[in-house]
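In this document, chain identifiers A, B, C and D correspond to the written order of the chains, with residue numbering beginning at 1 in each.
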Amino acid sequence: MITEYFINASVTPLESMDTLSPHEVEKLQDMSQGGLYRLFRQCCLAVLNTGSELDSTRTVLHRFREFDIRIKTKHRGVQLELINAPASAFVDGQLIQGIREHLFTVLRDLLYVGDELDQGSAGLNASGRITNTVFHILRHAAAMKPHVEPSLVVCWGGHSIQRDEYDYTKTVGYELGLRSFDICTGCGPGAMKGPMKGATIAHAKQRKHNPRYIGLTEPGIIAAESPNPIVNELVILPDIEKRLEAFVRLGHGIIVFPGGAGTAEEILYMLGILLHPQNQNVPFPLIFTGPKGSEAYFETVDRFIKATIGARAAQRYEIIVGDPHDVAVKMKAGLESVLAYRNQTDESYHYNWQLHIPHEFQQPFEPTHKEMAQLNLRKGQPDYILAAQLRKALSGIVAGNVKEPGVLAIEQYGPFELTGDKDIMHSLDELLSSFVEQKRMKINHEEYEPCYRIVNDEIVEKSKDVI
Amino acid sequence: MITEYFINASVTPLESMDTLSPHEVEKLQDMSQGGLYRLFRQCCLAVLNTGSELDSTRTVLHRFREFDIRIKTKHRGVQLELINAPASAFVDGQLIQGIREHLFTVLRDLLYVGDELDQGSAGLNASGRITNTVFHILRHAAAMKPHVEPSLVVCWGGHSIQRDEYDYTKTVGYELGLRSFDICTGCGPGAMKGPMKGATIAHAKQRKHNPRYIGLTEPGIIAAESPNPIVNELVILPDIEKRLEAFVRLGHGIIVFPGGAGTAEEILYMLGILLHPQNQNVPFPLIFTGPKGSEAYFETVDRFIKATIGARAAQRYEIIVGDPHDVAVKMKAGLESVLAYRNQTDESYHYNWQLHIPHEFQQPFEPTHKEMAQLNLRKGQPDYILAAQLRKALSGIVAGNVKEPGVLAIEQYGPFELTGDKDIMHSLDELLSSFVEQKRMKINHEEYEPCYRIVNDEIVEKSKDVI
Amino acid sequence: MITEYFINASVTPLESMDTLSPHEVEKLQDMSQGGLYRLFRQCCLAVLNTGSELDSTRTVLHRFREFDIRIKTKHRGVQLELINAPASAFVDGQLIQGIREHLFTVLRDLLYVGDELDQGSAGLNASGRITNTVFHILRHAAAMKPHVEPSLVVCWGGHSIQRDEYDYTKTVGYELGLRSFDICTGCGPGAMKGPMKGATIAHAKQRKHNPRYIGLTEPGIIAAESPNPIVNELVILPDIEKRLEAFVRLGHGIIVFPGGAGTAEEILYMLGILLHPQNQNVPFPLIFTGPKGSEAYFETVDRFIKATIGARAAQRYEIIVGDPHDVAVKMKAGLESVLAYRNQTDESYHYNWQLHIPHEFQQPFEPTHKEMAQLNLRKGQPDYILAAQLRKALSGIVAGNVKEPGVLAIEQYGPFELTGDKDIMHSLDELLSSFVEQKRMKINHEEYEPCYRIVNDEIVEKSKDVI
Amino acid sequence: MITEYFINASVTPLESMDTLSPHEVEKLQDMSQGGLYRLFRQCCLAVLNTGSELDSTRTVLHRFREFDIRIKTKHRGVQLELINAPASAFVDGQLIQGIREHLFTVLRDLLYVGDELDQGSAGLNASGRITNTVFHILRHAAAMKPHVEPSLVVCWGGHSIQRDEYDYTKTVGYELGLRSFDICTGCGPGAMKGPMKGATIAHAKQRKHNPRYIGLTEPGIIAAESPNPIVNELVILPDIEKRLEAFVRLGHGIIVFPGGAGTAEEILYMLGILLHPQNQNVPFPLIFTGPKGSEAYFETVDRFIKATIGARAAQRYEIIVGDPHDVAVKMKAGLESVLAYRNQTDESYHYNWQLHIPHEFQQPFEPTHKEMAQLNLRKGQPDYILAAQLRKALSGIVAGNVKEPGVLAIEQYGPFELTGDKDIMHSLDELLSSFVEQKRMKINHEEYEPCYRIVNDEIVEKSKDVI
């Protein structure tokens, strides 16, 4: 039985991380506003807190409020001093090696992003600069392996799912691993971890050298979704939008497992991109799957998509229930068409430059009352734009229901006011109610009360008549 | 759904196996009595039949009676042609890489053992020759890594155990893997596979380079206990006794999970060696463990050992119930004493030369009526000899109950006649009844009827009086 | 017999260089003023022109004026198209692998330096920024290997020396290689190549894994001193001062072979630094050596140093004639004291942060008449400052004698006017005459006429009296 | 200056050699007649005596008569204790790593050959057994790399040649290395070392990973021709004939540099095999080459071959004078035809099984008076047999002139009596005289007196008439 909760330890650096300049060490220790210390401490804590059951950033930060990390400034090499670190990161007093790597990954990415953002992008437009930045961060993290044929499967889904859904993600991971595919997720437990564990066993059987278990995260989410130590390539992107762009440019195909509203947002993000006219010929395998008994989640989502964005969107994905073998076989076929297309269009295998991501998808969305009121949830616009709008609406509603700043804002200013077609609003309503019913949202479903209201349907209808 | 059961395929060799001489290829193809073909085919089939539920050699051989393996004799390199091979060895028509390695391991070991047995042993006595042969086979298989500190944990136990027992072996393997220990088992499913799977996940987290999952098997058992493809070092020893010797000379500590009578035999083998006066100072961690709910197995075994061999034997092992973390911590402490002792006595880390294995333990035991009648199951003899005798008695009784030749012999000649102390016989009886009751023997426990009888207790008692 | 002089070829990239962004490719192709194309072409030509006898940049550029290099802009990877490249870089039409690596090194360093100069240095002073920049360039080039004990020996000396001097540098390199030391030079032939060739043979005998043959160059000199393909780590620093700083911070000891005035300049640079009060305890082995018959060079230099900077300077170096074994043994002892000192002062092994390099040594010196007139060649100042002044005077005189812009300036404005002590001026005069006599300067020694005159000795003498 | 000649040292084993059994250690220490100690000591001395000028086994053994090697018998690993070892093998008291490897190679090969000779050959005929044994020795030494396209060039020639000839072998080696060919020689100095040194420099430029410098030797010759430490794969064959067979089955082409009578013997061996009818379609590039000024050697040999074996033999080789580039280009073309032929005939790349070597070429030849008298040096027989007979005659005459047992036999029994055609005898005479004149034999050419006489020409002539 482990009875201690906090451990103090010194951590020697990975070789590749052991050539910091004194100036860089200073930056990491800088506790002033512009300094990196605060962010560095928070990310390190997240990395150390792996396997914990706490999935709220605030709880984590509170529980380990005594945690500190100091960098010894000796020239011989940086050494990290951990004070009151979570005991779960250690085995017999030794830090788990995978976690040690993650600590130095944090250091690598925070220093790089601090210094080089936008660097080398002179002459590019706003959208190009972001794409370029994501590329530079991934390249600096050695996450791009040229000449490797498309084999990186992104897995999305809930981090808090039921046992049988979790087991299912392991089996799918196993089938992917048997085909030597690499796995990329958003870190954290649940659907983020299961595929990696399954793939690890299969990769051992296939003697895969250097299997890749990539975790893409960002400072805002890492504390709540600590990377699993199986992740052997961790990259910390600066914000959620760059993280999403990294997923779709680095990955070659996506499998979505059941999740909650967050997963639905990711689906809308992906569909929005794939529906853009410039992307209509770009193959991108997208499979929604879960075990028997979890059909409801994807039925709900599928119904919502068809009812709002339209049937064309549904051609971009396939739903498979309870058949991991089939998921892997279909993904394999999908990756073959990706390979063929990249060869034909001279696109690199390691970064999907040609996929067009509209600038709107790259910009952070802050769900204030004002921003929510400006959303346009009507049909008479391109489907990919509607997808983007819906994603934002969903994001705002989730925030209003469960995220602290959102909940406070609702308390203070009343419900968000949304503008849009009646049936779209209805579908949105239905989608969220279903999630609540399926217990996929952290919300008391009996007392559930929408945090938004529809304000100007009539005006909308009228203005339509006028037009 | 996979619907095909048989697959034909050509398998190109591993590089290291690709320099056979034409003469060696001939031997493998030689279907005559002295030729290697028959054995080669049988072992290859076993290797290909991994994951199968069939645990009887005869059933396996019958089901895949159309299986054939041919060696293309081209000088450029051997190529194996598989005909009607089990489909479970393939993924989308491609042989699983781990199984491909195992196929060429079979080839390597059969050729080597065929040629070199006893070679280089001139001048050694019978026992020394066997120990030397085991050493040469293991060295040829590159299974000895000099200078690596003791970290190879042997796991024994049943290949057909319940779900919760299997999950428990995985968790123990995980805790061992977190401490970077390597795993060695006898191949096959159940307690042979679980620890390797658990360790694989932990090794990934610890970034262990070249983790070792060693499987030691022999031609007589391989078909019933196909090696799991996770096994990345497979060695085929020529017979059961050399396999047991390989376990105890190569391994640094042993964990025994619940099993059946076979597992009990292995325990008696190990105890017999450890009780030998020459070995009394040799540290050898030996832990019996299982989940809560499986206590009965080790209680039974423990009671039997104390009642027959004596309490001294019980000092050589520890029983831990339901605490994988404790198992790993205790094993770690045990390995540290092994390390200290080897350093102190200048013993190598890679082969336990100094452990004395009496010649009696190295010789095959054929449980005929005559051999059984000659066993001496009395107390007035050294405990390690009694352990050896009991192991043989157990082996014979198991054969008489469930193995085909044994069952036939009993039908033909009646029960085995055993000579020994009344209470020892009673303990043996009790042990077997318990196994039957716990459903740890493939036997109808309602109709269970002992296949032996005690013949000469009186005489024994008398002769004791005389002495 | 090779009869062709120019070859066209496509060169596929090294894997690690194969993830350029489209934006980077554009920069390399940008022929405008600010673009990288011109510099890129010139450096690539230098790299390809290895082994050539031409040691003038202008001649090289003229001879290969038809040379062009184009970058195919396909996303799949950059591909270099070489047009009219020097045939000597090829074997049977295949580019020598070492040269292929150098081509992509050029690409790597030009892109990095173009983008990142001064990057990450906010908050540092001018000198700190330069030191930081050199560090970043070297780290980006993976030239720093942490934790490797001091073993990098820098070799300086003439690129155009006699056969027996060249053979001597090979033997010294061989003795260094036998002790597993790595070699760092300024690229090019002569004393830059010999030590690497000798070390290569010795490293083969010592089975040294990953021996390092580091070449540090800069765009202004690379064309005249093409890197030898043995160089397996090429780094292109932005200017001569950063290149010198890279030598002394990366290297652990320096061996100087006979050379010309340029070599004397490097000696003065090194001595200037070592004489700085902050560096007086920093051990830095510095050995001047040549074969029997070449004593004159170092005798001249030694006499000059003692007569000008003073005897204290001479304690910082050792002169060894005709004894490669002794050179290596002394260097080994020197490196051991470097190791001890770095351990004691917690300095890293891979970059000599603590060596103080005054800002004056980091700034480029342009030998105009004005700059030359402002030099202060008098004794009444710290020796390290006098060393810096002398280095500049020497640099200017060499330019006035043999470098095109210098010669033209002298023709136009008359000789440089130097201010200083009579005996210092005399020593300088003598040093240069000796070099001319020893044929170590590309000058007609019969017609040699100094390009400078002394203007105000009297005033100086007087002002001394006054003081 | 090194002043010590003898050094004592402990040598720890290479990892791969560190799993000897106690029984093997005993064999190496066994000083009795059948034991390995004597041979082991002698070969180790040879390996340590590298770079020495002594080229006579007897002188070497005498000089280092105090040398001893002891094996510490600790189980932890063998450790070699060197007593009074040649100081030239050490750098600053440390054994050169290449020599350390060679020591353990000796151990590996002597143990293997001692144990396994003829093992695994049951059922093969005498010739097949020898070929199989050579294969097994090479495979055990890991000298066969399957799937590597033909690129192993054997270099033969004198170990005591002039400076310009030596430099020429280096340049040829350089040109071979530029084409990434590997080098195989008979160890020792001169033409055995030069090509390896040249290739080492070129391989560094071509970044060749794992370049191979194979040395094939045998106990009788190793003391006089110590392996150069550049040799990174040393194999000790049991006798001269197996060594020759190893050359021709392992190598893909042969370059012969000037040498003495021994080199001429090797040429005759090779031609004898290539002229065998079964080999007439087997491509085998064979080039004789030397610098300008050394033409005489090959002119002499060429004239001799044409005059005796006939013009057909001359089609099997090419003579190139003073053009290393051309030698390499021709060898490259030759290796391409070897590749094509092996592909076409399904022959492995790593061992030339299909080359027919008549049993006569595999058997040792002892040049006694009786054996010499039985030679048949007449034309009316297949050319390949005549080549074999001439090789033996040459071997005997060399022995009679310079080898101790031969010289003694001549003194005792008078000159050898040879039977053969007058013109063949005359050619042989001329060949030897030329060698003496060119100072290619260690003989006083003024007093040179043939050690043989021709006995029965008339009878031969007559018998010819009759036929």
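Everything that follows uses one rule, which is that contacts are C-beta pairs under 8 Å (C-beta built on N, C-alpha and C of every residue); 3 or more make two chains touch, one makes a residue touch a chain.
Everything numeric in this text was worked out from a predicted model, so none of it was measured.
Student: Taking each chain's centre as the mean of its CA atoms, which one is most distant from subunit D?
Tutor: A
Student: Using Cα averages as centroids, what's the distance between subunit A and subunit B in whole Å?
Tutor: Subunit A and subunit B have C-alpha centres separated by 47 Å.
Student: Measuring centre to centre with CA averages, how many angstrom lie between subunit B and subunit C?
Tutor: Distance between chain centres, rounded to whole Å: 66 Å.
Student: So that we know how the chains sit together, what is the shape of their touch graph: line, ring, star, complete or other?
Tutor: Topology of the interface graph: a ring, with each chain touching two neighbours.
Student: What chain pairs are in touch here?
Tutor: Chain pairs that touch: A-B, A-C, B-D, C-D.
Student: Could you pull out which subunit B residues touch subunit A in their complex?
Tutor: Residue list for subunit B touching subunit A: 1-2, 91-92, 96-98, 101, 178-179, 197, 200-201, 204-208, 213, 228-230, 232, 325, 329, 332.
Student: Can you list the subunit D residues touching subunit B in their complex?
Tutor: 15, 18-19, 21-24, 74-77, 115-116, 119-121, 123-124, 128, 132, 135-136, 139, 144, 146-147, 342, 346-351, 353-354
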